[in-house]
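Order of writing sets the labels: A, B, C and D. Residues in every chain begin at 1.
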Amino acid sequence: MALLTTIKEVGNYFREIYQGVASLVNGMKVTGKYFVKPSTIVTQKYPENRATLKMFDNFKGELILIHDENNHHRCNVCNTCARKCPNGSIEVIARKVVGPDGRTKKVLDKYIYHLDTCTFCGLCVPACDENALKFDNTFEHAVFDKTKLVKTLNHPGSSKIETPE
Amino acid sequence: MQVEQLTTWMQMLVPEATPGISKQYPEFIVPAAKLHDVARQLKENPETKMDYLFCLTGLDRKDGFHVVYHLTSTTLHHTVVLRVVLADKANPSVATVSDLWAAAEYFEREAYDLLGIKFENHPDLRRLFLEDDWVGYPLRKDYKDSFTLER
Amino acid sequence: MEETLMDLDLKEKEEYIINMGPQHPSTHGVLRFETCLQGEKVKWIRPHCGYIHRGIEKMSEALTYPQLVHLTDRMDYLSAHINNEAVALCVENAMGVEVSDRVKYIRTILAELTRLASHQLWWSAFGMDLGALTTFFYGLRDREKILDIFEESTGARLLQSFITPGGLMNDVHPNFQKRTKEFVKYFRKKLPEYDQLLTGNVIFQERTKGIGYMSLEDAISYGVTGPSGRGSGFHCDIRKIAPYSAYPLVKFNEITYTQGDTFHRYLVRMREMWESLDIIDQLVDNIPQGPTMLELKAVKPPKGEFYQRVETARGELGVYIVSDGGPTPARIRYRTPNFSNLFIINKIASGHKIADLVAISGSLDLVIPDIDR
Amino acid sequence: MYDFSPLIDSLSAWLNQTFSPFWAGFISMVLLGVALLAFYAVLGLYLVYAERKICARMQNRLGPNRVGPGGLFQTIADLIKLLMKELIYIRNADNLLFNIAPFIVIVASIMAIGSIPFAKGLQAIDLNIGVLYILAISSMGVIGVLIAGWASNSKYSVIGAMRSGAQVISYELSVGLALLCIIAYAGSMQLSEIIASQQDGWWIFKGHIPAWIAFVIYLIAGTAETNRGPFDLAEAESELTAGFHTEYSGIKFAFFFLAEYMNMFIIAAIATTLFLGGWLPFHIWHFDAFNRIMDYIPPVIWFFAKTAFVIYLMMWFKWTFPRLRIDQLLALEWKYLLPINLMNLIVIAFLILMQWHF
């Protein structure tokens, strides 16, 4: 009886070794398979493929104020986006101008966007009733100077698009 | 156990317990002195078996600090909320339940850290997130520092 | 554990303390384990957290409900969608509104994709904790595909803040269904490879089996939920206990094991990936049409207190909103899964070797920002 | 053909004619040292590069591809970076030992390379106890590792060093016993003799199954000897950050790094010499056309190809398997490798006694 158990134990010892080695070989098959198949490489050579690299349309890169070809934007300085922003990343600075009809009205002076504090929550874009804002697909935001992350979104000399009332 | 049964059961156990405002779970406001006793009863009674404390919250309300215990039973699947109102805002203190539920030890340390509620007989009541020499309790409504986002 | 803590104490009074973290490759973030060693053996562990405490609960008190959603992304950044969903559900329940079926379906699919992505990253990092560095790249390779799905629809890869009280920020991309189905098909082929590479490996099994035993009582008492708790037989899946969104409509199994060791915590997650794939399969083909956003005048829950439990990739997330009826919460409290999962480490890892401590903390799948908040 | 001994002999004859015997010996030593060092540095760098490329391919990555064509000069750039880095001196560390440790490690591996036969006649010293010499020298490296861990005055380093000590002391045994099998077959400890004994077939082929077992055990124990994954417990970056070399920086760190790769090369080279026929070409019995083609390939290439194959195997192990725990590591040695090895040796003794090997 004792002999039998001994034989059994010796058998178990060798079975353990066999199963262990088999499992190791099984794992090596996976890495070996990928080693011989260079087509499975998934990493990209980034700066080289910059021309072909396209982000998804929805990608939230940075906020921009939409300008048309005549350098017109649609912001009417209602400040909703600034109020919706949880981090205070948007400052809308208005300036008063006297219109041709003699009334003073507020127009956009500077639309300041702090990319450094923006968390890309996306609350500002749907908040705008005029659809004046959108997220651009740019993604190379690294700069050496932190002040460059504070951006003025309205282009120089731009004005609000004249919409028929 | 059904909500009604639980209510009568609680009424028997602590006559001074008053039902709370929440409609989501049966809720009872328990006097601070009796909390540990009630909690032990809830945990050990075979009819309730509240063995899982899934949330312990400290609140800073107008009538004092609240400590809210969300208890549930993993076998009987019923939930009860206990609430302790600590009216003494200067020195809020309540008995610990960390001897009943191990999770409470760290929930209580968090409440102590951020709200300054003291838990008596707690084995290791130290700051958890903030440094040991931090002044003040940030989650209190009257806490002010230069970083607080004003709106 | 052959020797209890006390035996060790009697044998040797001298303490050899090393600090694992806050900058340490095995803690996956800024967490410090003050570890007392006796030779290779761990005597006790004292976790120190708070290195990235940002006061999300305090910050949220100054923000309106749609605004504070984006902060929840930053708690458990690997379950961002599920965290968003928790707040959204809590606010919706408080206001007594119900979102359309389309939103429910999409939320559930996104949540399951998030769970898959999270488990993939966990698998990668767990392999790396044990020294199998190649797993890291395989896991990340497959996770990228999920992140692509997210990016196409939500505009962000990691911190999407897509689910908002009342619905979704915008409708999903038309490609969403196609891509999701492609991914499910792709990943069903890759998942057996994970098992082949790591699960069956004899070294891996030796390293994890019987290590870090957590009893059911401990799991419940410490509130260890999620896959870590289910490895000990704790039926804590909120998707089953208190179903939300589209979970009542789908069939899936709650994976539990009673062994409670590191290997079975691992197995729970591996099998949960299969379950997640099944859930997505059931939902993705029949997303109903409907509005993706409720027409809400203002997101203002009535005066009162509201609690919502959801199942993130790591366990039970509770959102506790105390509202005074205003647009901002009077107090918001997150009962985060990792906070509760962390502190059991002293109990289950002391008495084991230092290498086991790494394996055990890996098997608890800790995400540090979720602990600190 | 392809015998290097006439070339070497004529060189030494010329040196002896031109200079006095003392200077001739001196110059030949300097030449040898420079050649070995250059070989060491270049090979070490390109082993690092090879490992990076191989693991990248296994992990679906491209690997180094920026510096030079296909990233060929990446490790050279790394070396320059390491050379220019600050050498950090640690307060309260044992400075003498701290500075000596990397040199001990690297000297041990250079000395071992001296006796490896790369081709016929291309061997710095052909000791009659070559195998013993290599075993003795290569185990000196662990002293460096121990000193490094101890002298760093860092808790992680001490744990790493102690692990390394326990590991190397146990695995030295298996390496020795596995090599003993082949020594028993060949009947000599001289490396050139052992290669000569494989003229009619490599030991792995004509040594029957015991030779295979010895080869596998040698590979496992050799990997452990070099502190490489899955036996890299002394470094164990997920547990001990970097183990024994946590506190080292700059060129001293580079020495450890280089020595690790060279130790791997030495282990592979010994495996090649003892089991795979060294620089002998691959022959198939009674297939003369094939054999003649094989003979045309220079022995140096044969040697390096075989070594590269063994090194590739070791890299393959490292990038597939998880790390063992220290007690499992020792259990593997004392419960599995050592008993199997002893049995194997007995079987081999029996085979040799019965003259059953070719």
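Note that in this section a residue touches a chain if its C-beta (ideal position, glycine included) is under 8 Å from a C-beta of that chain, and two chains touch if they have at least 3 such contacts.
A quick note: this is a predicted structure, and the numbers were derived from the prediction, not measured.
For chain pairs B-C and A-D, the one joined by more C-beta pairs in contact is B-C.
The most centrally placed chain, judged by C-alpha centroids, is C. Between chain A and chain B, the centres computed from C-alpha atoms are 41 Å apart. Between the CA-based centres of chain B and chain D the separation comes to 64 Å, rounded to the whole angstrom. Between chain B and chain C the centroid-to-centroid distance comes to 25 Å (mean Cα coordinates, whole Å). Centre-to-centre, using mean CA coordinates, chain A is 48 Å away from chain D.
Taken residue by residue, chain D touches two or more other chains at 58-61, 319-321, whereas all remaining positions touch fewer.
Listed for chain C are residues 63, 134, 141, 197-198, 201, 203, each touching two or more other chains.
Residue positions of chain A with contacts to 2 or more other chains are 24, 27, 30-31, 42. Two chains count as a pair here when they touch; such pairs are A-C, A-D, B-C, C-D.
Contact residues of chain D toward chain A in the complex are 54, 57-62, 65, 316-317, 319-321, 336.
Residues of chain C touching chain D in their complex: 16, 18, 24-26, 37, 40, 127-134, 136-138, 141, 197-198, 201, 203-204, 206-207, 353-358. Chain A meets chain C in the complex at residues 19-21, 23-24, 26-27, 29-31, 42, 55-60, 84, 86, 119-123, 126, 135. Listing the residues of chain C that touch chain A in their complex gives 63, 66-71, 134, 141, 144, 148, 151-156, 159, 161, 169-170, 173, 193, 196-198, 200-203, 205.
Chain D makes touch with chain C in their complex at residues 55, 58-61, 155-156, 159, 163, 229-230, 232-233, 236-241, 319-328.
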